[in-house]
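To keep things simple, chains are lettered A, B, C and D as they appear, and every chain counts its residues starting from 1.
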């Protein structure tokens, strides 16, 4: 452990940690745009700068390791002024249409603009014009909102491994695009949406079926119901409908999702969902019946077959899709209630 | 065979970039042709690197009789051969002459060379850079031999450390320390890199060294490899320097052939290989971590430091990076010793420094001077002052990272600390002299435009802040500036300096800061009086017709905006609301009655 | 899996075989890419040039059904060049001599001939795999959905045992579980031969403990597998199917044959949509989907994680339905919530005994075995030594599948999955964008074959096997080897019309879905 | 890259200079020297042949100013905008060229006769202001000399 001082308070921190990590441990919030603990540190947005009290030097918290007896000021007047001006020039190249922006209420730029009390129109001048559109059927990139933090391109190359995005050109014209603006699929996009999830502002946004505001939804953590990786995710719920999915940091998914986890949730609200039990009647067609009727019929028929042909004439197919609890109970049902071991599920398929 | 009347056995023709564009190659060809035609076999034509006095090029020197021909054209060659070589009568009209008394001078007698002291440039203009034997004849590879055969790597590093040599590329970091760090860094594989990405617009000393004495860099890199424990090196050169690349390639091939590169150099058991990598046009690649990215085949954006390249550099291995001029000093230091080197220059900045003297100064070219010499000596003694009867206004050092030094500081000694104190920096050694016709707001704008285009775009303050600075400066030079703009400039300069990722971004506001500091009145004149004191900002110019006007109507007809009114034989008047400040009227006026102010 | 999913990043060499990881397990696929980006080595053996093959250090484009031969061929090199981990073999295994004897004939030449790959690549792969300090094997259905699937797995476990790549970070033999809770369903005993935690129904003691807990007498006879139940239904031995959230009419081999069976029997289906299978049902019960219920899933790395209700259920949860049926059939029971069932289950399941909802929450999931509530869970199995004492090398001869030998069906068709669709598309096809990107089934064929058969990209072709005929669009792809073809299995009236349900792996009863002899022609 | 022949030539260059991903810039420089420019299909080919993601190749080509994706004109005029040249009026020369040729920097006239570029110091400061026309340096260029130079090449 080494001793450092954050805003005058003495702290004992493990050596090798960055100032940002030390502050986080100490419960002090430092703004960041380009930082993500899973990605290689970039240190490019500069919003996380803190002041060294001895030298008055400004250093990025996300990439600077702590040193013994370091005296750090996270919110000194100099730091506050620099962050404010930095936000102001970022806003000078940003389409400030928060009223109708997808990310209003859930946007770091908006949050910090409020926190640092910026003068929105302080700096004027030209804005970057992009030659390329980037979109697919799941999401799109609004260049006028992009703050060039590069997290989309980095997650795509460093974690997802698809290398779709290029951070092209240089200087003021730096932009995120596919090479030559080719179709995203041609550039290798598999629609995983991890770039969308990591975007801190309203630049990369899903094409949503249902609109919602950040403050209108509840987020419930659950396990993805597709493949065996078991990704953790948040279901975003508005008016008792799942309207979106956001990755959660599970031990098996480390905050990543695939196209199915991120975007294939429309089935939940789908009009073709079954809502009432169906019974095949004499006409050969399936007809809606009440729960009581359907369940009683199944119980009667099961009993009848069991009585006539024996329990082993009944086959139970459980599911690799339903919960452990349900599999257990069905197993118990087949074995204890019906009395057969004719039970399987599609592990083989 | 004809008698040779002159005492000339060698004709040296400068083949630096400037002289080559003055057809130096044709001159060489003509010499060879004419000498052959005349049957003269004992005069050797030597194609050399840059002599330094570029404004007098193409330059031809004869040796050992020591005549100095300036501004030679290919047509002059025949006359030199016939008159000088065959008749012993040097061609007077082509000889370089003293500006004050018109006397012909030898190279070393010229004012331009008097105060110079050549270490890094010692062989430039002396040897044929495409011939390794010339280099060897001039003590080439003796330092390598000494290091490999008589010194331990530790002793080499110690020697460089003791010499006090500081990096000539910009920031002036002590080179010996870099060598020591890299030597001590853990790692099987290490690299030596030469930074030849001379990006500072207005500096061309690295180019000249690579063109004029490429093997000195090769030798130094091999010494460095031996010292730090590296067997591989890269020379990173701008693709804009085709001649330098060409000569480097020859140098590498010859050095390899002679066993100064490759396996078991000089039977010492030491192996060293060098390859060339081209830059592809990015100023930021002069920054060492960006340069490493570029050598690795990626875009040249600066990377986090620490770890420093000495610990984790090229391909993740400990890497020593020095620039061309730094390497050009190494051989001499090894040969002559640290004490010899320290005897030159100042205590804090020993040795010499090469400057590319350019701009509004009579003698333009490369000058190598001991550190600590004053700006005045360079501008007035070596450079021979300001031409066209104008006066000195400022000197810009350090390129886009440096600053503008006003007349008040013309006696400042040129060394790392002194330049830093007055808000500028040594940089790679560009030294642009500006006369009183140069607008300092315009200069700041020029550098800012440069940096806007060269910003790599990685960090937000540099990417965005510089554009806003440029735009505010443009408003001021266009006559739309306000005092708020001035305030904004100060704020943005502070932010970009303190928040940018790399040294280039951090120093990018320096030209702005120094002009604001030393020439604030010019800014104020632009803003408050809508006037450009230097008369350079076109949008702020005013045209007036004086009483000299004879009413000839020529200007009235020439004016494309119909802004001039007046009757025949009466003084005309310019309607300032219509005037587009194109200057057509001035050119049309036969009696110089129209003035611009 | 023996090791956690993220653990592949700790391997020096990753051997991916029979798994199109980036398509079927995309997040794990990205871990493989991350490892590769960090300079780790990658070996891929697959009949299809899958995306991971593009970045592989060695890619072995083997003929379908030759995985075991490849393993033997690699072992041949490993033993011949002394790359085996002799200490590990000595301490932890038995039967190595027999295996050594067997693989003698699997010379690089012989193996290369069987697998249809370069012998130099086999040698390179063997040296790479066994030469690294830790190597991990990832495999999936390409290995198991073969008539010799179990033997294929033996082949891979032989490799891991011989090189000591078991029981340490970055190593292991890792079967990838296809579905979200296939691990959990197995753990819960939704199998004909075991109760929870794989306790055999034939084991008297096991049966006794369940009988005691449940208060009824239980059958000690192993039941039928799903693949056996279909022919049994056709023979009138099975009269009723009770199906929860499965779609055998599409997912099972030889769908025509499955449909016939479903038509004959009384069928109850609990599902969220009217699936192709539900179309054959006599009663269909609307079930709640994963977002509408509480519970747990166990993922491929044996991590038990929570499922939480986010919205109101459209139907009823499967456990509520079953609970009501239990009561209607005279077995009185009541559970207020899913957690009550979990609590009952873990008391009967040693490997889950220490897992509670509270602990899952605290630990962000727990890997079994977790025998008590102080236990941290077991992310890596077989640490130090194999779980069941000495591990056995299995020396089994490679034999070609019958399907590959039929001259009238000369093309070897294999099946594959695509990233956007899940299983029988029941859920994924409901997302408009996915349906728009991948609306129809297709077959991928090699360009040279396409030229021979005069088939242009996008043209319809007819594919015939001994079971049936399908018509789909052809996609010409370099990723397919000459003489093979591949078809995604997601669509009805697609691949499974062609697959064979008659020939099963003798041990696992898995059909050879990954290898079908077909003929192919332009329509 | 318009035909198989050009493709073969480019493949040869890649073959010769491809020494792993770090040689990307070298390979691109060589192809541009031979081919004149680096259009999309050439960059894609380089990416595939060198096993580098297309997006990385594009990042590199769009970053460095020397790389161009546009076919160059028969005559390339490069205006040096180094400080020494600027101080001596290079901007005026550039403006004049722009208006005479009717194109902006980095572009080529429609008839493919001229390409106009600028660079940051060509190292010929003594000749300031300098321009380079098809690799030949012209020094101390003023408007008059410019007109004369253009005449030669037109």
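The rule we apply is simple: contacts are C-beta pairs under 8 Å (C-beta built on N, C-alpha and C of every residue); 3 or more make two chains touch, one makes a residue touch a chain.
A quick note: this is a predicted structure, and the numbers were derived from the prediction, not measured.
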{"item": "Between the pairs A-B and B-D, the one where more C-beta pairs touch", "value": "B-D"}
{"item": "Most widely separated chain from chain D, with each centre as the mean of CA atoms", "value": "C"}
{"item": "Identity of the most central chain, Cα criterion", "value": "A"}
{"item": "Euclidean distance of C-alpha centroids - chain A vs chain B, Å", "value": "52"}
{"item": "Centre-of-Cα separation between chain D and chain B, whole angstrom", "value": "23"}
{"item": "Interchain centroid distance [CA atoms averaged], chain A/chain D, Å", "value": "44"}
{"item": "Inter-chain centre distance, chain C versus chain D - centres from mean C-alpha coordinates, in Å", "value": "56"}
{"item": "Multi-chain contact residues (two or more partners), chain A", "value": "157, 167, 169-170"}
{"item": "Junction residues of chain B, two or more chains touched", "value": "282, 299, 453-454, 456"}
{"item": "Pairs of chains found to touch, sorted by chain label", "value": "A-B, A-C, A-D, B-D"}
{"item": "Chain B contact footprint on chain D (complex, rising order)", "value": "21-26, 28-29, 52, 56, 59-60, 63-67, 81-84, 86-88, 119-128, 130, 135-139"}
{"item": "Contacting residues of chain B [partner chain A, same complex]", "value": "282, 299, 304, 452-461, 463-468, 471, 488, 491-492, 494-495, 498-501"}
{"item": "List of chain A residues in touch with chain C within their complex", "value": "136-138, 157-161, 190-192, 207, 209, 218, 220-232, 235, 237, 240-242, 249-254, 256-260, 263-268, 270, 272-280, 286, 291, 294-299, 301-303, 305, 308-309, 311-349"}
{"item": "Chain D-touching residues of chain A, taken from the complex the two chains share", "value": "153, 157, 163-170, 178-180, 182, 187-188"}
{"item": "Chain D contact footprint on chain B (complex, rising order)", "value": "17-18, 20-22, 54-55, 57, 198-204, 207-208, 239-242, 277-283, 294-301, 315, 356, 358-360, 364-365, 396, 399, 430, 432, 434, 438, 446-447, 450, 453-454, 456"}
